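To keep things simple, chains are lettered A, B and C as they appear, and every chain counts its residues starting from 1.
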Amino acid sequence: MANARRLEVVFWLCTLLPFVLTPNYLSLASQIAITALFALSLDLILGYAGIVSLGHAAFFGVGAYVAGLIAKHYWTEPISGLLIAGVLTGLLGYALSHIVVRFRHLALIMLTMGFGLLIAEAANSAHDLTGGADGLQGFRVPGVLGFKFDMFGRTAYAYSLGLLFFCFLICRRIIRSPFGLALRGIRENATRMPAIGAPSLSHLRKAYTMAAVVAGLAGAALTQTTSTVSLETLSFGRSADVLVILILGGAGRLYGGLIGAIVYMVARDQFSGINPQYWYFWIGLLLVAVVMFLPNGILGGFSKFLKPKN
Amino acid sequence: MFSSAVGVLFDGFAYGMLLFLLSVGLSVTLGMMNFVNLAHCTFAAVGGYCTVTVVNRLGWPFLAALPIAFVAGALLSVVLERLLFRRLYRASDLDQCLVTIGIAFMSIATFAWFYTTEPQSARPPAYLLGSVELMGRSFGIYRLFLTAVGLAITALLVYSLEYTRFGARVRAAVDNQRMARGLGIDVDRAFLFTFALGGGLAGLGGALAIEVIGLESTLPLSVILVYVLIVVAVGGLGSIRGSLVAAIVLGITDTAGKYYFPWLGAFLIYLVMVALLMWRPLGLFGKR
Amino acid sequence: MRYALIGPNGAGKTTLINLITGMVAPDSGEILLGDENVTALQPYQRVKRGLVRTFQINTLFPHLSALESVTLAVLERDGHAHNWWRALSAFSAASDEAAAILTSLNLQRHLDKETRELAYGQQRLLEIALALATRPRVLLLDEPAAGVPKGESAELFAAVEGLSSELTVLFIEHDMEVVFRFATRILVMVGGRILVEGAPQEIARDERVREVYLGAGHAA
């Protein structure tokens, strides 16, 4: 236990290294932190509660658009924008949760995908509000708490990392609370839960709402650090990407999404020279390989390696 | 508005036939093995690209390319089934989704590598193009052709599934796999055949679709996959009749929506899908 | 009271438990718990009112430890399972109680083992432990000793016998030796209906029951 604690401290200290070691890559680091936060959100429902979602980008994108619209039409102070984006995506998540949690298997996959597509299509159609396919532009968030968003992305990374760390602490607490145990119970055996008096659907609704809030925060942070919102934030591609990232890192482990985001984003950056079309070949191969040979992701593989069966 | 209704109905029906060809294989394999295959449209894309190659590079006639597209789709599905899918029949839906999405990703990149990301086309012969006048209205010949092919294949499918020994085996395997095994039916083989047939029909559909919806490398994960999934989910797993009705309804709704409410885009279709799923999660014709 | 629910295969014993606990909705009729009509209640709401079951086929949490599983049931009972802002370690009363329940079923040496690593017989006991953690008033045990070797099933039923005397237990069991040893009342179910209900001695003498179990030929 003490060892695990030490490892966690080392991990978070390492997240500060980009400031010193790779100051030219701070924008990338910021994107990684945001993606990690998005993956963490998916982990809450998929890794812990066992709800498969192929439309999680809906919340990410809505958060991104809300933050963008606030910055464009009202004010540019980011933290309040972040909070409003979180609350609104939470409300959306809560509304959808009443439907989503009642389904399983193909219907669940289709429904989450359907809601994702529906919201993306709505954003596309509402051209006047969202800018449609051109995306939402023409605003700039100057800074946060008196620090300017500089061109090197120093403030942006600090902001994203701070948000990630804060949300991570909360998610960690959620996972290690009685509620977190109940979620694991649902994942482990949904039939047994009602027989021990557990209101599974209400638990799932709550988890889904929480995940929506976190995803909305991630989307909002992306908007504020890049000063633009594109339809891509709502796309099926983004839903699939975050799923890949989480599975790659290891679902149902707090650090799975974080490790997955680092590996995925750094690899994509390194191979950015090749056409993104080809990049997806390797992602596809990786997906097949991870499911077939490394069922618990990178972290699962590591822990197996570190703790040989006694 | 009323005069256009016949045209919309006709085009929608032809489009529905196409959707039926693309999705019926997925419906049957999903119903049989409960296997969520999100790579199903890869078979269609393979059929499409085969047609493009055969027609444009080898100069073969379009109609000769259609059987080749069928065989290509069937072959690929057999290879994938033997190599990968059969190990995943007992896996979770998530694992099935992930592996098949992975395959779709890989196929998209492969198509882009060989054929670029530009849309491809393979012109059907002149006698399939243009339109004919019937009772004062004009009908696209290619769409008539699509409808004819679709109806012929439906008839063939229904006949072979309802009136042949092979069909009886497949139906038994769909209904109750364990019981079918108990009766000595080689479920694995029945399933391989079904998979090949489904992949082949998707390949054929992909070839026929070039003229209607175009062919791009992203086809395996495009909106067509969503439409295929809608047909399967709404029609009910393993139900040919359900798939047919769902495909036709979807084809007509989509065509009508694009004609009368173009500003809604695909919104209407997604809305209908979500509503139908909530109402009947097992599909309109689903069992259990 | 300890009721035994017996009857030939397909008599509808498990279906009855499914109906009582709300896992299957009845076409007609009512389920009463004491004076309360619980027919419209969700399964988890019936559990909250003290109507609890176990499963014939192990229905457990494979990757949770025995202690975690039972603690979860205790937390759900006390309404703490919705709490996401306090650490699990703050609820030591719940885990202590869970440990006590497991100890009472002789599982104290396996508290931290993952459920899937427990021996089959221990998993059967964990089935009961989970039910007990909800503090039932009526406990329905669906073949608690299913698949347990004959010698060990007596041990399992001894644990059932040791439960609080205020608790009403109904168990399904095929081993008549066990039934007559542990039941205070016996219900015989045939073809979806209760054929007879009575004390063990009455049931042992009942001609109709003999007929069901031994066939018409032996009844004469």
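Definition applied: a residue touches a chain if its C-beta (ideal position, glycine included) is under 8 Å from a C-beta of that chain, and two chains touch if they have at least 3 such contacts.
Here the structure is a predicted model, which means the values were calculated and not measured.
Asker: Specify the chain with the shortest distance from its C-alpha centroid to the centroid of every protein C-alpha atom present.
Answerer: A
Asker: Taking each chain's centre as the mean of its C-alpha atoms, which one ends up farthest from the centre of chain C?
Answerer: B
Asker: If you average the CA atoms of chain A and of chain B, how many Å lie between those two points?
Answerer: 33
Asker: Indicate the whole-number Å distance between the mean C-alpha point of chain A and the mean C-alpha point of chain C.
Answerer: Computed value for the inter-centroid distance: 42 Å.
Asker: For chain B and chain C, what's the span in angstrom between their mean Cα positions?
Answerer: For chain B versus chain C, the centre distance works out to 49 Å.
Asker: Among the residues of chain C, which are close enough to touch at least two other chains?
Answerer: Residues of chain C never touch two or more of the other chains.
Asker: Could you list, by residue number, the parts of chain A that touch chain C in their complex?
Answerer: For chain A paired with chain C, touching residues are 173-174, 176-182, 184-185, 188-189, 191-200, 202-203, 206, 210.
Asker: Quick one: which bits of chain C touch chain A in the complex? Just the residue numbers, please.
Answerer: On the chain C side, the touching residues are 21, 23, 42-44, 47-48, 52-55, 59-64, 68-69, 71-73, 75-77, 80-88, 91, 94, 130-131, 133-134.
Asker: Using the touch definition up top, name the residues of chain A that touch chain B in the complex.
Answerer: 46, 52, 54, 99, 103, 105-111, 113-115, 117-118, 121-122, 124-125, 236, 240, 243-244, 247, 275, 277-281, 283-288, 290-292, 295
Asker: List the residues on chain B that touch chain A in their complex, please.
Answerer: The touching residues are 30, 34, 36, 84, 87-88, 91, 93-95, 97-99, 101-110, 112-113, 117, 217, 221, 226, 229-230, 232-233, 237, 263-267, 270-271, 273-274, 277-278, 281-282.
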